[in-house]
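Here chain A shows up in two complexes: once beside chain B, once beside chain C.
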Partner chain A sequence: MAPESPVRRFGLVRVDERLLHGQVVLNWVRTLGMRRIVVVDDVLVGDELARQAMALAVPAGVDLDVADVAAAAESLAAGRGTLDADTMVLVRGAAIALALRRAGVAYAHLNVGFLGRAAGRVRVHPQVYLSPDELEALRSLAAQGVSISFQAVPSEAPLDWGSVLGRVARRSAW
Partner chain B sequence: MGTLYLAERRKARQEVLLIGVLLVSHGALAQEMVRTASILVPVRGAVALGLQVDETPESFEVRIRDVLGGMPSADGLLVLADLVGGTPYQRAVSAGQAYPAGLPYVVVGPMNLAMVVEALLGLSQAPFEELVAHVERAGGAVHAYRRELSQHGP
Partner chain C sequence: MNWQAAALIALCYYLSQSAWLGGLGYWTLYRPLVGGTLVGVILGDPWAGAQAGAAINLAYIGFVAAGGALPSDISLAGYLGTALVLAGGLDVGTALALTVPVGILGLLIFQLRLTISVAFAHWADWYADRGEPDGVAWVNVLPAQFLLFILSAIPCFLGVYYGPGFLAGVLETLPSWVLPALSLVGGLLPALGIAMSLTLLWHGANGAYFVIGFVVAALLELPILVLGAIALVVAGLAHLWGRRSAVPLVEKEMGSESDPVPPAISTTALLRRRDLVASWLTWLFFSHANYNYERFEGTGFAHSLVPVFRRLYPEKAEMSEALRRHLVYYNSEPNVGALTNGVVIALEETRALGGDVSVGAINATKAGLMGPLSGVGDSLIQGTLAPTLLSMGVALASQGNLLGPLLYSAAMAVVVWGLGWGLFMQGYRMGSAQLVLLARRGTLQRILACAEVVGSVVLGALAVSFVQVPVATAALDGGRWSPGRLLGQALVLCLVLGYLALVRRRVPTSWIVLGTFVVGIVAGVWGVV
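So, the complex of A and B:
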């Protein structure tokens, strides 16, 4: 990350394997009054059908952008007239969150909302399971000063990074 | 005599039951839709899949694709989804790429019990596009009953 990148306080920067979907729209986009959603995802950039299906979840009056890391970093730097506080950034994994920050998007806070149950992942939250690689990416972000919290929906109390590290440390598998 | 006639009818219906109906939802809604619909109509030919709270979208799509292979499909597949744009809907759209290209594959939402019942009733009787139209009409037929206001009473 370029050292001169200004710290950005977006409405929400979220890791969610499901990207844009019912839970995110109903709980975050609407309650936080988001005006712009930026989905940072290489897979969707190349899959028009999946992009169209996802776009159906976007409420009226909210702009949706789907871009790869480089294009998203450029677009977010420009701001495009929407306040950071009204902008939601969505990525499907911790590695992309890290890549985005390395591309110069110096977000201050990261919400980890959903990483599903899968082989090689350990449960740290009812909806968040982490692989060793994902844990490392988050460690790297935390070391860069990003405050990380684990929270599926706004009505639930967020779990902080320290508590998650404690849970991980108690697992012999790590 | 009557029993034989019914058996013949049932056999005939089995032979024409070539449209599949798949219900997809968050949580147990799809399964419960089918379970509840079974009180009203026969539910043969319907399959329900629910996205679990900690399940990855990829895992859900794999389950949809697995089910597609085993469904009656000579005339097409109708998928009913609980929320338009939700993960089950998105993954049902995506899984359609694994369905035979020459057959109609339609994802309709948001589903309700009226649509499910209509789909199950029409399965063996209507051509595919007609069935889809029936189902869409059933889902859109919203009616509000407003009780009259009164100064008296409880």
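So, the complex of A and C:
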């Protein structure tokens, strides 16, 4: 990460395996009054079907960008006339969140919303299960001063990074 | 209350979450408007039940559960709350305040069920490994539905049977400020419900429509439904001018018969129409039968493909492989998401015919559609159509009119069944073709915009009738234009907008509810109320 990158306070930077989904569209975009959604994903960029479906899911008056990490970093740096506070950034996993920050997008806060249950993942929140790799990526982000919280929908009380680390420690001890 | 009545109410509560109502349970029996009416029918006074249910429902009208994140169990709140009013003699406000902990208890039951049901998903894997579709089918339905019955009907029966008497005893021993305090909280909670619903509508001119609805209802005392009808006309003029009428648009929102439909990719179809009907009906009934925290609708998706796979994959090994690839995580809005089911079936058929469709392509298509279509479905049905129709139903039922719950339920049946079947078939016919017809954002968004205008106006009018601030209530004795009354109404409007500001600042709902209770208790102790 370039050290001179200014700290950015986006409306929401969210890790969610499902990317654009009911919880995101209904609970987050509407509650926070977002005007721009940037889906950062190297795979979906080439998937025309998924892009069209996402375009349909985005509410009226909200811009949608689907871009890979490099293009997203460039586009977010430019800002494109939308306030950071009205911009939502969606990524599929913690590794992409880390890559985005390394590409110079110095977001201040990261919301972890959904990572499904799978072999080798530890449950830290009703809908977040972390693998060792994801945990490592989040540790690295936390070390860079990103405040991380775990929260499915805005009406739910967020769980902070410290409590999650405590849960992970207890799970591995057990 | 006799035990038979309590058992019937408990049965209704079970059915509201069960898989037996053709995808309508969550939209009808789960809502206090309908549940309260049923409690009324069981206890011999449907009109009073509808009124109590309507009042409780309004406090939860902003209820949306997307992606399995349930804010509260509004169904249990509706059944138990109405029973407390009709059998326990509580006033609706007090009963409403007591539904808050009841809803949280119901939430714990829901979470317990989704946690335990994970085991049934693994049981389904066991049958899939052996290529036994019957096993997958019954494991998707029976164990979780039996578990649900035990977990829901028994606590509800105990609560309804013993609750009113127990509560009457407890309330007598409590200090004198408790009941007024609870009643005050019950008067404030509808404002929170309306504010939660408004957060979903709060963009463009909808805020202004809400205030207009409020002011017109407060000053002119127009019936809410008349207001709603005027709003519909205004919205129609604003958003649909020069277009086709609103009703066919809902049916054809994602393309119509007259448009050039891309030809189905399979030229020699293996599947018969009855296979498609069976698959859709299985999905309609059982998509959420084994809803669980690991796969969500995954076992339901595999189950819905059983009638299709029987035709496509007579070989046990192929059947096993096909079942296993669809027993993975899946979670979408079931009705708009039925389009995905149709597309997946077309792809599977092409594959079975020896077409060039890889498993990877099927999985990618399914995963790519799942998220966005749940976004479309949740905003269209949960976020817009259901709250708008509910607010109309609540308005009718609050006058003791049973058409409120009936018309609401009928309208939801048309939405759920019409959209579900239409999009399922559309998906099957389109196959893997690009979503050319889907890209008609304009039509979908005009419908959403119209429903949002009507919803905003009606919510404004409902705030006038349902939110009770003591100062305002005391001033109601004055004439329509008396300063006291106007002040009181301004206070109600400020309260709703205040809650809205809190919700939009991402203050957790539990804190807001807790704060409301603290205000109620302080006011009760000081004897303000």
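Heads up, the rule we're going with is that the second predicted complex is superposed on the first by the 172 of 174 C-alpha atoms of A that agree within 3 Å, B and C clash if a C-alpha of one lies under 4 Å from a C-alpha of the other, contacts with A are read in each partner's own complex, and residues count from 1 in each chain.
We take it that contacts are C-beta pairs under 8 Å (C-beta built on N, C-alpha and C of every residue); 3 or more make two chains touch, one makes a residue touch a chain.
Please read these numbers as outputs of a predicted model, since none were measured by experiment.
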Partner chain(s) touched by A:54 [first = chain B, second = chain C, both, neither]: both
Touching partner for A:127 - first (chain B), second (chain C), both, neither: both
Chain B versus chain C, judged by how many residues of chain A each one touches: C
Partner chain(s) touched by A:84 [first = chain B, second = chain C, both, neither]: neither
Partner chain in contact with A:136 - chain B first, chain C second, else both or neither: neither
Partner chain in contact with A:42 - chain B first, chain C second, else both or neither: neither
Common ground on chain A, meaning residues reached by chain C in one complex and by chain B in the other: 18, 20-22, 25, 47, 49-50, 52-58, 116-117, 126-127
Residues of chain B touching chain A in the complex: 26, 53-57, 59, 83-87, 89-90, 93-94, 97
In the complex, chain A residues that touch chain B: 17-18, 20-22, 25, 47, 49-50, 52-58, 115-118, 123, 126-127, 129
Chain C partner contacts - residues on chain A that touch it in the complex: 18-27, 30-33, 44, 47-50, 52-61, 114, 116-117, 126-127, 152-158
Chain A partner contacts - residues on chain C that touch it in the complex: 64, 66-69, 71, 111, 118, 196, 199-204, 293-294, 329, 331-333, 364-365, 368-379, 382-383, 432, 434-435, 438-439, 441, 444-445, 448-449, 503-504, 506, 508-511
